[in-house]
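Note that chain A is present in both complexes that follow, paired respectively with chain B and with chain C.
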Partner chain A sequence: MTPDKRKDLLKMSAIWAFILVELAFFSIIGDRLSVSDKAFMDFENMLLLLKQSAPIGIIALGMTVIMINGNIDLSVGATFALAAIVLLESMTWPFMQTLGDWAIPLAWLFALLTGVAMGAINGLIVWKTGVDAFIVTLGAMLGFRGLVFMFNGEQPTSHLNWTLVDFAEAQFLGLHTATWFLLATALLLWLLMTKTVHGRNAYAIGNNREAAVNAGIRVGPHFLLNFMLIGFLAALSAVVFYSESGSVNPNDGMLYELWAITAVVLGGTKLAGGYGSIISTLGGVIAIQLLRKGLGHVGADTQTVNLVIGLILIAVLILDRQLNRKGQEELKI
Partner chain B sequence: MNLTMKVALACTTAMIGTAAAAQSMTIGITQNNVGVDSYQTTYEQAFIAAAEANDDVEVVVLDAGGDVARQIAQMEDLIQQEVDAIIIWPTNGEAVIPAVRKASQADIPVIVTNSNIAEAGFDFVASFSGPDNITQGSRSAEIMCDKFTDMGIQDEARVVQISGQPGYTTAIERAQGFEERLPEVCPNVELVETQPGDWNREKSQQVMEAFLVKYDDIDGVYAGDDNMGVGALNAAKAAGRDGITFVGATNFAVGYEAMEAGDYWGSIYQSPVDDAEAALQTAIDTINGEDLPFLNYFDTPKITQDNMGDFTKPVF
Partner chain C sequence: MSDQVPVLRLEGIVKTFPGVRALDGVSFDVRPGEVHALMGENGAGKSTLMKVLGGIHAPNEGQIFIAEEPVTMTSPMQAKAKGVVFIHQELSLADELTVAENIFLGELPLKSFGRVDWATLYARTDDILKKLNVRFTAKTRVGDLSIANQQMVEIGRALTVSPRAVIFDEPTASLTDAEKVVLFDVIADLQSQGVGIVYISHRMEEVFKMTDRISVLRDGQYRGTLETAETNEDEVTKLMIGRSLDLSRNETEHEFGEVALEVRGLSCGQQFQDVDFAVHKGEVLGFYGLVGAGRTAIAETVFGLRTPSAGTILINGKEERINSPIDALRLGISLVPEDRKDQGLVLGMNCRDNMTLPQVGDLTAGPFVSDGAEIAIFDQYRDKLDIRTPGWRQLVGNLSGGNQQKIVIGKWLSMRPDVLIVDEPTRGIDVGSKSEIHNLIRELAAQGYAVIVISSEMPEVLHVSDRIVAMYSGKVMREFTAQDVTEDNLIQAISGLGDDKAA
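Take a look at the complex of A and B:
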């Protein structure tokens, strides 16, 4: 095995090793500190872990594609809230109420279309103006959030539908509904990124945009598609989550973009683009939820959890930098 | 599954040594957003202190950071840990209902603290512990009436009201308590007009400016909280109108300071410490199977310039 391959393997498996360390830590130390009699590594608890990873996880998986492109999307949290409002509000429309439970798939469709439309707005602006995605989506983040507040002021938008709640709380083959959506998204995106031309183009554009243009890749439409994809996934995340909770605060989803980016970076995807993996992002998402859950289990407060995640993120970036050094300072393995 | 059961069994057996030390109950709490204001910060400190003072109680203290998704995850975690009771300070009175239902299906009693969840969830809740806004409103009416009686104007006084944001239960109940109680204690005092101040000091100041132009004779101002009351006070000061009695429905630090300065007459003292201790006690009583009212209020005493020495300045 060449050193390069070995390094690649190390990078890909780092996040999973980290998850194992977390599991071991919380099982041994955690169970001693916790007031609960239940073990942390309880099977049910691990199933819950996957389920709780879903809201940010589904977004983070899409963010991986965007970041492999060398772009970023800061508007996902606002899109998430907007799609949630469409989902819950549309079910109260008079014609929808006459449909009975058939209103549910229709409401989902409306919410998902909202997400796609918001993504398309971002994508079109990036494509047609050439303005950096960071700036475009920063504007979109503020703008979409403004729409959310315009809709219902400071008040929450609510519609509790028990059929929907029962569906969202259901467990099929032991896994929760949200987990199925998370895993299916991961599988589909993994196939997209590894087995299709679109996926290979994404890496090529992220690596060297100019070279990609010269190679005949139509970068603009490619970006547009990817922004529509992440808009769709932000809405899907909202659909999965709000089916279970039935009420959205106007500030819901705030900071989700940052948690999603954190998960992607923890998974080893490069901020500059051209390198990254869907499966590693899944690892990053699980690692974050595991930390939140584990630190809660041992009785640490939320501030501590954020501090620890921040420190780990910086450690990961330093490690990544070391692994990518060439020449004299190169890390010897 | 079988293996997991065995592992779980082994772990729990290993833990009996530590767990058996106290014949205790475990109570989990998931709070709204500690650190966003000093009321919630003080609440958390008081809650932990109260739990430490009680040898029978162990607590798992969690904070949702204002995030509904995180709060629901914390509810699931507490259910999974099989705590004996869960206290929840809802981030959203409706979004948490399914999570509360999950707890009640797992036979874990849920106590809602500080602000109640929506009525659709009442079936799944053991008890609500928090302040009674109607009582706060009616006590404000009593404070105002007593002051008018002292001044000898109880038969002619005219009062205006600045209420909280329309649509909020808190605002509606505080207004209701005042409006019902005032005619009972001071039947000849007239409430001439009510306008919303939206919990906002500047808005309340504008509302009061309009009142001052409209009415030559205002003897009292009742505000949904001291923040709005102090806004009204500022308007009166700017217009040079003296002799107005200001009463709020919840004491804030700004109101306490204005009382010290002698400008503001009184309010209702709502302590985060009492709030936290009441929530813990409600949870303990629920676990012990005691009969509790569904709405289990803690006491919110009157505070005026006369007795403010008995109270420390509010932290919020």
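Take a look at the complex of A and C:
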């Protein structure tokens, strides 16, 4: 095995090793400090954990694609909320009411199309103007959130459809609906990024845009496609989550973009683009959710949980740097 | 001169990295007022040696002496304090800061409470600029300077102390001939002040013009030091690669095919004006000229990266519009760009993926990329071009310059182009691989490709070309055939002197 491959393998498996450490830690320490009687490693608990990972997880998987491509999308949280409103509100429309349960797939479609459209707006601006994706999606984040507030002010938008709730709470082969969506998304995106031309080109563009252009790759359309993809996934995430909850607050989805990026970076994808893995992001998502749950299990409050996750993120990146240093050639700062 | 105390002496320097003996007992010395060339192929250990000297790497064995006093280098700053300064090949200047701020970066003269003493700063900078005999001022923004002047700023940094030894690493890599002259004056000036100069360069011509002695490294080993006056290029090359490099003139006479690419009255704003040329199948057309003469811009225009402001491009006799590389590739034109790492390769990708990058869209089985088809293409061109890599999974960033260049060439050959444009085919490539690339270019022409070679190295142009287009300041000055070209004519043409003869 070449040193490169060994290093790659090490990096790929690092996040899973980290998850094992977390599991061990919370099982042993957790049982002593636990505020509840239930064991942490409880099977039901783990299933729930996967389900709870889904909303941010689905977005984080899309964010991986965007970041490998050399961009970033800060507007996913706002898109998430916007799609949720479309989902719930559209079911109250008179003509939808007449359709009975057939309104459900239609409402889903509306929500997903909303996400795709928001992504397309981002993608087109980035492609056609050449403005940095960070700036474009920062603007979009504010703008889309503005739309959310314009819709219902500070009021939540609610609509409960019991068929929908039943579907969302269903379990197939033990896994919840949301978990299936998360796993299916991961599988499809993994195939997309490792096996298809689009994936290959996305890596190439992220790694060296000029070389990609010189190789006759149309950079813009790839950008557009990926922004539409993450818009779709943000909406899908909303569809999965709000089918069950039935009520969306105008502040919902805030900071989701940062959680998604945290999971992606924890999974080893480079902020600069050109390097990363869908599967590792899945690991990053699970690792974060484990931390949240585990720390909750031992009685830590949200603030503490955030502090710990922040510290771990920085520690991981320091470690990653050490791993990547080429001898001592790196610039000392 | 030889009885003088050397300003800098290295003795038996050994540096090992896991699995590699990067330096294996290197010794040499620099006398005051001497220009000492350090030569060797890429990977011979020159960079590592410089890093040992600058305190970035600690040597495993051996000793560095400054004026015969043993020293331990811990950082470039400390080396500078001891009078050993480096002028790096790659400029590391802050574009937005002024010349003065750049020169004294990290050692700005201060007043109380950490305030900058601007008066002293500008006065000291002016002194240094006077020594360098340059025309810009201390308050000029560095980003507004030409590359050559930026290099002068870099040299200015070395002069904030009184250096004992200055190490130049490929200082002329991005300079035009006129700019080189200024640099050589500065070096001569330092020399006359008794400073020892270490001059790292690939360019034989300069080394023979400039230096007093030549030390050669090969595979991390010290191969010897020659008196420049008593040796020749052949001997040095042999020391460097263990054999000599064939750079004889191209004398092959053979029949060419039809015109593959013709350009009429092509202009692109300020870059180049009213350019005419044609290249036949089976022919190597050389473009020779100074940096900035518009050669690269022509290649980029033909490849669809720039939009021409006037003129026509004919491919196989048919007028075509080329708006993007996609058009160019469809029409059978490929460009091996000047800067391999920035423009040609995706360094984070493996060899195979780099090679199939432009055509991966056609190598699919169902929705997915076909591994087998890709590997087949990689294997074919690895064998054809003799690319040395442990396997297709190897990251392209880990290959040597020569093999990287072959990957780029293979990438375009696999597209089966009619016209192959190669911009600076051997830049940053070691001598041994150079001749391989040269042979490859000749061979491709013999196979019927129309090849355009852009080069700043005259021996290279003369060696590979059937015809040579000489450019000066955006204009074609003259066209030569391999038979009627002489070095003098060529130099005159690219200096703007051959004007009358061309008319």
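Note that in this section the second predicted complex is superposed on the first by the 327 of 333 C-alpha atoms of A that agree within 3 Å, B and C clash if a C-alpha of one lies under 4 Å from a C-alpha of the other, contacts with A are read in each partner's own complex, and residues count from 1 in each chain.
Assume contacts are C-beta pairs under 8 Å (C-beta built on N, C-alpha and C of every residue); 3 or more make two chains touch, one makes a residue touch a chain.
The model shown is predicted, which means the values in this text are computed figures rather than measured ones.
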When chain B and chain C are modelled together on chain A, clash or fit: fit
Which superposed partner A:M41 touches (first chain B, second chain C, both, neither): first
First, second, both or neither for A:Q322, with chain B first and chain C second: neither
First, second, both or neither for A:T129, with chain B first and chain C second: neither
Larger contact residue set on chain A - chain B or chain C: B
Touched partner set for A:V165, first chain B, second chain C, both or neither: first
Touched partner set for A:S247, first chain B, second chain C, both or neither: first
Least C-alpha distance (whole Å) that remains between chain C and chain B when both complexes are overlaid: 36
For the chain C and chain A complex, residues of the former touching the latter: 17, 51, 56-57, 75, 303, 305, 324-326, 328-329, 335, 337, 342-349, 353, 357-358, 360-361, 364, 367-369, 390, 393-395, 398, 411
Contacting residues of chain B [partner chain A, same complex]: 1, 4, 7-8, 11-12, 15, 18-19, 26, 34-35, 58-70, 72-74, 76-77, 80-83, 91-99, 101-102, 118, 120, 165, 167
Contacting residues of chain A [partner chain C, same complex]: 2, 4-5, 191, 195-197, 200-201, 203-204, 207-208, 210-218, 274-275, 327-329, 332
Footprint of chain B on chain A - complex, ascending: 31-32, 34-39, 41-45, 48, 51-52, 55-56, 154-156, 158, 160, 165, 168-169, 241, 244-249, 251-252, 289, 292-293, 296-297, 299, 301-303
